[in-house]
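Below: one structure in structure tokens.
Just so it is clear, A, B, C, D, E and F label the chains in written order, and each chain counts residues from 1 on its own.
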Amino acid sequence: MFPNDKVKSLIGSKVQIEMKGEKFTLEGTLEIVDDYLNLHLINTTEIVDGERTRALGSVLVRGNNIILVNPVNE
Amino acid sequence: MFPNDKVKSLIGSKVQIEMKGEKFTLEGTLEIVDDYLNLHLINTTEIVDGERTRALGSVLVRGNNIILVNPVNE
Amino acid sequence: MFPNDKVKSLIGSKVQIEMKGEKFTLEGTLEIVDDYLNLHLINTTEIVDGERTRALGSVLVRGNNIILVNPVNE
Amino acid sequence: MFPNDKVKSLIGSKVQIEMKGEKFTLEGTLEIVDDYLNLHLINTTEIVDGERTRALGSVLVRGNNIILVNPVNE
Amino acid sequence: MFPNDKVKSLIGSKVQIEMKGEKFTLEGTLEIVDDYLNLHLINTTEIVDGERTRALGSVLVRGNNIILVNPVNE
Amino acid sequence: MFPNDKVKSLIGSKVQIEMKGEKFTLEGTLEIVDDYLNLHLINTTEIVDGERTRALGSVLVRGNNIILVNPVNE
């Protein structure tokens, strides 16, 4: 499965997304993703240094600023 | 709805935009957005560390430097 | 008006451009802009932490490294 | 062999990936890679300052944020 | 003149190039430039905090990591 | 010669590559390079603050994260 198809297979699941810049993580349910890895998360929480710092709800994430996508095993 | 269509559905609403680099947030009303997530905000305020630091009015934002778009529930 | 058309409508006007990296601002008159937001500013001044630090004259700016474009009301 | 073909030749092998931002390394087995260097790693470990800091399992990595790919000789 | 044509008009002249990342400047003679602002400088000197820190000779610069191009008036 | 052709003319020669992020340099023999400046180096050494810090052997480098390519005169 190609990397982007692998991400698409995670739709409906909980994922962690590590973002560029001052490193932080978003955890949420993957609602949809396009070919550029732009994605829509719902029930999103921001995690900084391992602590849940903010409830963000619904967020749109720009694909080119994603470092990695990590499925969360529940 | 694809991620970019989701952003387009926010036109006319208040949004928060987190930007790359030294992290800061823009809050404003989404006037228009294109396919690259370039967007035009009006009545924009800059927020740094949770404080409203500057009124910026009308700003054009380069899509590739956006980390995430977060709808503001009013 | 699309975001890039909005920027084109500012040709001949004074604008402030916030750049990526160690954050700084360029203020100058917008001479021309292309579809990638590459732009040519004249009479440009560099502003760091609110202070005018250097007169740069004519500068060419790479669009992908622009955070935002802010019209200056004179 | 072109650079991307060289990376494809590493599928099934252990690789180290250095990422942009606050520099860190991912070590894992290369499952698949596409033309943009987006890649899927399995059995992935995060390495910061030479220490194995986290077991990440299966991760999807955005190609444009990769600094370099280094085959691990076992 | 479009921004990239303006840069092409500087071929054979001395230019300063400000680069992304830890900010530094390259000064050299512009030998050639392509449509992505990739450029070849000769007789290049690195400038950090206003001081000439290294003679680099011939360098190839990746366009997407250029912040701005500034003609040097001699 | 266009900038990318200039880099191709360096195949088989020793080059230094300055990378984005926390600035560091790679020195190695240029094995191959593609149109995006993705490149394959062999006998690669990492240089940080002028000191040779690690022997990396064969590495694949993502073109968009290259700041500059500098031929090494031997």
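Just so we're on the same page, contacts are C-beta pairs under 8 Å (C-beta built on N, C-alpha and C of every residue); 3 or more make two chains touch, one makes a residue touch a chain.
Quantities reported herein were computed from a predicted structural model and do not represent experimental measurements.
Novice: Would you kindly give the rotation angle relating chain C to chain D, two copies of one sequence, based on a CA superposition and rounded to a multiple of 5 degrees?
Specialist: The best-fit rotation has an angle of 180 degrees.
Novice: Using CA atom averages as chain centres, what separation in Å is found between chain D and chain F?
Specialist: Distance between chain centres, rounded to whole Å: 19 Å.
Novice: I'd like the Å distance between the centres of chain D and chain E, where a centre is the mean of that chain's Cα atoms.
Specialist: Chain centroid spacing, chain D to chain E, equals 32 Å.
Novice: Please list all residues of chain B that touch 2 or more other chains.
Specialist: Counting only residues that touch two or more other chains, chain B contributes 20-22, 64-65.
Novice: Could you tell me which shape the graph of touching chains takes: line, ring, star, complete or other?
Specialist: Per interface graph, the chains form a ring.
Novice: Circling the ring from chain A via chain B, which chains come up in turn?
Specialist: Here the ring order, chain A leading and chain B following, is A, B, C, E, F, D.
Novice: Which residues of chain A touch chain B in their complex?
Specialist: Answer in residue numbers: 19-22, 26, 32-34, 38-40, 56-62, 64-65.
Novice: Sort out for me which residues of chain B touch chain A in the complex.
Specialist: Going by the criterion above, the answer is residues 1-4, 6-7, 20-23, 37, 63-71, 73.
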